[in-house]
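Below, chain A partners chain B and then partners chain C, in two separate complexes.
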Partner chain A sequence: MLAALAAIPVLIAVVVRLSAHVPPGRGPVFLDRITQNGMFVAATAMVVAIPLFLPLTVGVVAGDTVAGEAGMGTLRYLLVAPAGRIRLLVVKYLGAVVFCVAATLVIVLAGSAIGALLFPVGPVTLLSGDTVGAGQAEWRLVLVAAYVTVSLAGFAAVGLFISTLTDAPVGAMAATVVLAIASQVLDSLPQLAWLHPWLFSHYWFDFADLLRQPVTWDSFGANAVLQAGYLAVFGALAYGRFASKDVLS
Partner chain B sequence: MPAVIGLGVWAGPLQATVAAKAPDRTPEQVLALVAQSRVDALSGTIEQTSDLGLPQLPKTGLGATAGAASWVDMLTAPHTARVYLDGPTRMRVQVLDQLAERDLVRSGPDLWTYNSSDNTVTHVTMPARGFKKTLPSALPARVESPDQLARQFLSAVGPTTRVSEGPQSRMAGRAAYHLILSPRTTDTLIGSVDIAVDAATGLPLGVTVLARGQEKPALQVQFTQLSLAAPAADVFRFVPPAGAHVQQLTLPQRPVAHPDAKLPNARLPDAKLPGVRLPGHMIQGETHRVPVTVAGTGWDAVIEAAAGTVSQQMLDNPAVAAMMHPVTGGRALSTSVFTVFVATDGRLFAGAVPLERLQAAAAAR
Partner chain C sequence: MSPSPGDTGTTGPGPAALAVETHGLVKRFGHQLAVGGIDLAVPQGSVFGFLGPNGSGKTTTIRMLLALAAPTHGAVAVLGQDMPRSFRTVLPRVGALVEGPAFYPFLSGRANLHRLDAADANSPAGTRAARVDAALDRVGLTHAAGKKVRAYSLGMKQRLGIANALLAPRELMVLDEPTNGLDPQGTREVRSLVRSLATEGTTVFVSSHLLAEVEQICTHAGIMRAGLLVAQGTLAELRRDGREQVRVLTPDMARACGVLARLGLVPEIAVSVPTDDDGGLVRAPVPERRGEPADIVAALVADGVRVRGFAVEAGSLEDRFVELTGEGFEVVE
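So, the complex of A and B:
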């Protein structure tokens, strides 16, 4: 799955390299900047990956955590060891978070590498029109990866909870991914504005605040608080479900 | 243990509020405070929300709002902007959009605008005199600062307005007085205007416009963060980024004669309706000969623009057309605080009044 994520920036870079000039204002944001500066490959790939590819892969990993073991019949053997159910749940969740870190870093690093290979690399224009050096820009991209990782942490907790509900890993994965899509659809309807601050996908695209000059940390903080809330609620639900569950497989 | 922590969190802001309560002042004293206020340097965040009863277009994550629809978007969607100010000649406004930003940077005679979604820069060299009025309108789509908006309302205070004072509150972490302007006439759609004034400096911190008979604010512009320290100097330094399309604009040398034609933002719906003025590019032709007449004064004034003033192209724009609805004698745009009526012969009427008043005005001539 990490290879599939790495393929996104590679695909974008190769297509842009082979095609004619991209007019500004068309396609995903930052796409038109790639020919001038390879650093934008990673940013474009992030914009493309956030709505679908990242939730898809994280949903698969998080949905598989408990249900996957149950589906293969290995869950009861894990619980025979004197480790306790909480510890199993925590370790499973941490595994999903490690995947989130790896997934976002893979996009940034693969994007930076292929961008440097195919396009010139130099000072980067931020959203504010200010220009920063390539080193500072790479640092900001790593911050973006951190932001997106935090964004996915609450979502991974939702996936963990769903995973404790069923013994069929495919069902848990599908339900988790569907929730991510549903949350984004609800977030795009202005009539539901009162609901938006409570949706886990609400701040996903605000990673752009890290590409402004000066950097706005407000959305980073708001996002972290929201995701921590999701982690607390769905972590508790997952524990409540898993601790009292009859493990038969 | 969590209960104790919870109490501590609650008690903190409460104590701060009590401690920082500003001395009581009469509405007249608060008005004088605003008039005397001299804030030269600030950096802050402004949030604008509106609930004008207009349909809001759904936004997708990847698509950017197309140019022509952007001022419609300004009227319907919430916006956040960062403002930096240092002295009379240095300012920067950043309108923070999703995955994009619109910037206005002024440093001495140089005025730059930058739009990240199409990577374009405009540069204007300001004349030494007379720039102040043209400044804000240079932003492609503007977020009105609470300060400017409040001063427009306050400058319109006259015999038609009753000024009272609401309870003090805290805004952007500062103690604030509330001036409440209510129209004496019942012919206007505006119920009241609440202006929050910083108790320490007299700087207007927020403006809330309530429509008659509505509980939720029709328009709200306020600082959510404010620091009165001078911003870092490099905030005002702007160099067009490499690869950007730079457009050089020139302003007319001589200031225009007619006081009503502060170009390029001709004052269509007038100063009694701040924040809902139509941007300058809607006006066709010579800006200093805009045939705009105002009937009446105060809250229920009606503005009339002759046929051809507003370009047909603008009115036919799908985003605009979607908000207009056919009525007797033409088409109308009705919101909770103002109405625009385009008669079939092309004349345009606008005002903070019900549609019937505009139709009557159109029929009378």
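So, the complex of A and C:
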């Protein structure tokens, strides 16, 4: 799955490289800037991956955490070892978060590498108008990766909870991914404005503050608080469900 | 046999300590009663055969012993401590095979055991490699240890499951149908493994629906039927509780039945013994108030029944098992 994520920036870079010219203002943000500066490959790839590819892969990993072990029957042997139910949940959740870190870093690193390979790389003009060197720009991309990882942390907790509800991993994965889509759809309906700040996908694209000089952390903080809330609520639900669950698989 | 706590059926002085003890253990799945209030008493150091037909509640009981499922009612104590509350201190001392082995197919046998051993936060990592290899050796899997489990045969997986139960020195082994899928050689190895565990002082709780297996390796047995524990004790006690039987070998089976019925017995034609030219077997439990067996022969002969063989036999464990669980093949719901 990490390979599939790495393929996104590669695909974008190769397509842009092969096409004669990219009309400005069309396609995903940053796309039209790639030919001038390869640094924008990673940024473009991240924008493309956030709504679907990342929730898809993270949903698969998070949905599989407990249900996958139950489906294989290994859950009963882990518990008899004894792994401890709380410890098992914590380790499984940390595993999902590690995947989120790896997934976002893979996009940034693969994007930077292919960008440097196919396009000129140079100083980048930030959204605030300041220009920073390529090294500083790469650092900003890693910050974005961290932001997106945090964005996915609450979603992963939702997946963990769903995973404790069933012994069929495919069902848990599908339900988790569907929730990510549903959350984004609800977030796009203006009639539901009151609900928007509570949706886990609400701040997913709000990493622009990290691309200004100086960096402002407001949206990072708001996002982190929301995700921590999701982690607390769905972590507790997962614990409540799993601690007393009969393991009959 | 009254399975009250303390009355464990052992002959030693005083009540023996119990490795597994349940009181009024009930498990309900919705409306279905899987386990209907059982009082198990498994003495420490015994090899306890947990017998019962398919669907009689053996695996469900084992899941409750291992804190995988919570009892609907009743209490469970394993190695003297309440379950599921004390699972943290109890389970490291228990090796288990529950309803068949389960492993990650994409990992090798050895890697699977490493992972399962590491699942217990308190298992010493320093000795892990040595313990894994010793367990693999004990079940004869050393040569296949590097193979992916996906490429294992059913019997190899079963052996790996038993190896997992042997990863640490255990005080109690809970083995749910350990010989399932094993070849005759493997079955014998499991038997000798169970014996060697028993001589090391490990209590072995082994579920099975194979009576012969239990008769060969067990010191004690409990018999389940439709979620109820219908008997438990030493094998000798279980045999003794089986009623003695009159067995008549005769070609005149119908007439023999008539005579026996007139004498107040309840005869039946044994279906397990084929009827041929020499006739078949008619058997009947000896009534409580028994007369002289020779009188029965005299009555038979007086009525013109040609008796080819006559015996009064103690019930075998098999008769007892059939008597307790029913002869039919239907799964009791």
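Methods note: the second predicted complex is superposed on the first by the 249 of 249 C-alpha atoms of A that agree within 3 Å, B and C clash if a C-alpha of one lies under 4 Å from a C-alpha of the other, contacts with A are read in each partner's own complex, and residues count from 1 in each chain.
Rule of thumb we're sticking to: a residue touches a chain if its C-beta (ideal position, glycine included) is under 8 Å from a C-beta of that chain, and two chains touch if they have at least 3 such contacts.
Here the structure is a predicted model, which is why all the values come from computation and not from measurement.
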With chain A superposed, do chain B and chain C clash or fit? fit
Chain B versus chain C as contact partner of A:184, first or second or both or neither: first
Which partner reaches more residues of chain A, chain B or chain C? B
First (chain B), second (chain C), both or neither touched by A:243: neither
Under the stated touch criterion, which partner chain does A:78 make contact with: chain B (first), chain C (second), both, or neither? second
Which partner does A:232 contact after superposing on A: first (chain B), second (chain C), both, neither? neither
Looking at the overlay, does A:87 come into contact with chain B only (first), chain C only (second), both, or neither? second
Counting only touches as set out at the top, which of chain B and chain C does A:117 meet: first, second, both, neither? neither
Scan A:15 for contacts with chain B and chain C and give back first, second, both or neither. neither
One more residue to check, A:98. First (chain B), second (chain C), both or neither? neither
Lowest C-alpha to C-alpha distance for chain C against chain B (Å): 27
What is the shared patch of chain A, the residues that chain B and chain C both contact? none
Quick one: which bits of chain B touch chain A in the complex? Just the residue numbers, please. 45, 56-62, 64, 76-77, 82, 94, 96, 98-101, 103, 105, 112, 114, 116-121, 235, 238-245
Complex contacts: residues of chain C adjacent to chain A: 63, 66-70, 87-88, 91-92, 94, 96, 98-100, 102-105, 116-117, 119-121, 123, 164
Where on chain A is chain B touching in the complex? 24-25, 28-29, 32-33, 36-37, 47-48, 50-51, 122-123, 125, 127-131, 184, 188-191, 204-206, 208-209, 212, 214, 216, 218
Complex contacts: residues of chain A adjacent to chain C: 72-74, 76-84, 87-88, 244, 246-248
